Amino acid sequence: MQIQQLKQAIEALLFVAESPLSEQQLADHFAPENVTKKQLKDVLRELQSDYQERGVQLILVGSGYRFQTRAELGGIISRLWQEKPPRYSQALLETLALIAYRQPITRGDIEEIRGVSVSSNIMKTLQERGWIKVVGHREVPGRPQLYATTNEFLDYFSLHDLSELPAIPEPPERGSNAGQTAQIKLEITAETATNTE
Amino acid sequence: MSNADVTIAQQQSLPLGFVRGEPVIEKPEDLYIPPDALELILESFSGPMDLLLYLIRRQKLDIVDLPILPITKQYMEYVDMMKDLKLELAADYLVMAAMLAEIKSRMLLPRPPAEDEDEHDPRAELVRRLQEYEAIRQGAEHLDGMPQTGRDNFVAHAQTDAQELIEQQLPEVTLAELAVAFSQALAQAKLQNHHHVQREKLSTRERMSRILDLLQTKKRLRLSDIFEPKEGRAGVVVSFLAILELVKEALVEVTQVDAFSEIHVTNREQVYADSTT
Amino acid sequence: MQIQQLKQAIEALLFVAESPLSEQQLADHFAPENVTKKQLKDVLRELQSDYQERGVQLILVGSGYRFQTRAELGGIISRLWQEKPPRYSQALLETLALIAYRQPITRGDIEEIRGVSVSSNIMKTLQERGWIKVVGHREVPGRPQLYATTNEFLDYFSLHDLSELPAIPEPPERGSNAGQTAQIKLEITAETATNTE
């Protein structure tokens, strides 16, 4: 397959696919043509540079590559629709931030930090949007569910992975339990690593 | 709500709360706030930690030096207002109030001089929680400020007529599956004792099919048409066996008009059809 | 509004609009920016030329402008929605197997061996697939049709002739002996006959 034709095909695919396409999905798609990963990567990089200054750009988000409009054009474009995009409440944003930055985390942890019970509506909204999911249980009495963010969360915020989240201060360590906290953090990283597959 | 009631925070990094997405901060206490507006302001706190953080920030104090006495007093004033307004969240705020009161009482108690102050500062746990809450508030602000799909950016799509080109896929079968299916069918037959299967060479059966097929198009075949010299002796034998088998099963008829004349193979159907006309 | 920004905005709009956008709709959209029809036309022409050689192209259809994939890419793109082929039923496979190994054979024969009636659908499916055909009738009351496999059947399974059909896996309860298995390959039917007697 000619590189030029491959480029056109990938471009077209990304514009018609219902959801972002990962490198693996593209590789599978072009398996009959024996397209190598190297070729794919090269073409994707070329496309990203082609669209650098255009009204739409090729972005790598959580679940893969997709074309999306420039953020600066949001105001002009949203005029197309009567409805205003939803604004999320401070409570929802704090809950989401806790799950995003401190995952995996239980509802109890969230309530402790926010000092307020987490409304079921907020958890429901976050799950319905597909931004959070249960990734396991903490092995303590009651086995509370552990929440983590999803690829859809990354997609929504145009992030490729969680490391792209703007930094916030590390959680302060509990004076006497410093060692334990470090331990927990280690486990968390391991857990989230397995969740991103 | 007008600007007379609320002003936008100027130098304080954390506003009192958000009202309709705008950061809001309270006016000095002596200024009259209409009850509606007050309710809005109080409701805009996302929880007791939010309120507490606001009170500390308002005094431009560091969280670490949590001034527990004045903060507790101010906090209680707000909670009382919330109780007056019967805000549903009051319960969570009361838990915090109890905690503040407890810390306050412990701080008022005389401490043995030997004790290590850092280790046993009753405010330590609350300070830790406030720091973590402050970090998370920052995270929430980051999230709110990040480009969001459907608000700031939109997924780009192009039209395609490629859907029309999707081919109807036919099921795939492998030879192995076929063989397994055959053995399964025979296993069924075994369960039914009355069935009788003849012993015969597969190639003979195939040749039988081919001859019958030829007879579909040509009504009669010369025997010599059926024998293919290039198949060699074995092929001729198979064809001959096939014809014999077909005759035996009364599927074809073999005719010869005169001795040593051409032998013809005719479809029994044909014979049947001819005889009825 | 800068012409460069207008171009980006129009490009983005055309990529997010649910349906094609006419010049008039675009003019209305950019009314707040006092964009002239002339400017619009120029930008649209420029965009059309920018995308001339790309995987998607800007096309003027009845109701306006829209981006759509290059016609030549249809085949590659359609794979995105290509479903996995369905599977045939056990009944169909057994019927086909009996026709393949025991041809010419009547439907009655198949029913007798399988102990259940063969649905007309199965015979129709196999005939539509071009794998079986009627090669004659058995001269018994009712003159039942005799089925055989076709050349398409051989082609599909990459067989030169039926003698290349694989040996029949022995039913487990028979207990096999190796010498006999070798024999099976040569005389398939002989072996199966032994199995069923």
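Think of it as A, B and C in the order they're written, each chain with its own count starting at 1.
In this text, contacts are C-beta pairs under 8 Å (C-beta built on N, C-alpha and C of every residue); 3 or more make two chains touch, one makes a residue touch a chain.
In this text the structure is predicted, and so the values were computed from the model without any measurement.
Asker: Measuring centre to centre with C-alpha atoms, which chain is farthest from chain A?
Answerer: C
Asker: Whose C-alpha centre lies nearest the centre of all protein C-alpha atoms?
Answerer: B
Asker: Give, as an integer number of Å, the spacing between the C-alpha centres of chain C and chain B.
Answerer: 25
Asker: Would you mind pulling out the distance in Å between where the CA atoms of chain A average out and where those of chain C do?
Answerer: 35
Asker: Rounded to the nearest whole Å, what is the centre-to-centre distance of chain A and chain B, using the mean of the C-alpha atoms as each centre?
Answerer: 14
Asker: Give the residues of chain C that touch two or more other chains, as numbers and ranges in rising order.
Answerer: In chain C, the residues touching two or more other chains are 12, 15-16, 56, 67, 69, 73, 77, 80.
Asker: Can you pull out the residues of chain B that are in contact with at least two other chains?
Answerer: Where chain B meets two or more other chains at a single residue, that happens at 154-160, 162.
Asker: For chain A, which residues count as touching chain B in their complex?
Answerer: So the residues of chain A touching chain B come out as 12, 15-16, 56, 66-71, 73-74, 77-78, 85, 87-91, 93-94, 96-98, 100-102, 112-117, 155-159, 165-166, 168-176.
Asker: Would you tell me which residues of chain B are touching chain A in their complex?
Answerer: 17-18, 21, 44, 46-50, 52, 89, 92, 95-96, 118-119, 124-125, 127-129, 131-144, 146-160, 162
Asker: Within the complex, which stretch of chain A touches chain C?
Answerer: Spelled out, the residues of chain A in touch with chain C are 7-13, 15-17, 29, 53-56, 67, 69-70, 73, 76-77, 79-80.
Asker: Contact residues on chain B for chain C in the complex?
Answerer: Within the complex, chain B touches chain C at residues 154-167, 169-173, 175-192, 195-203, 205-206, 208-210, 212-213, 215-216, 249-251, 267-269, 272.
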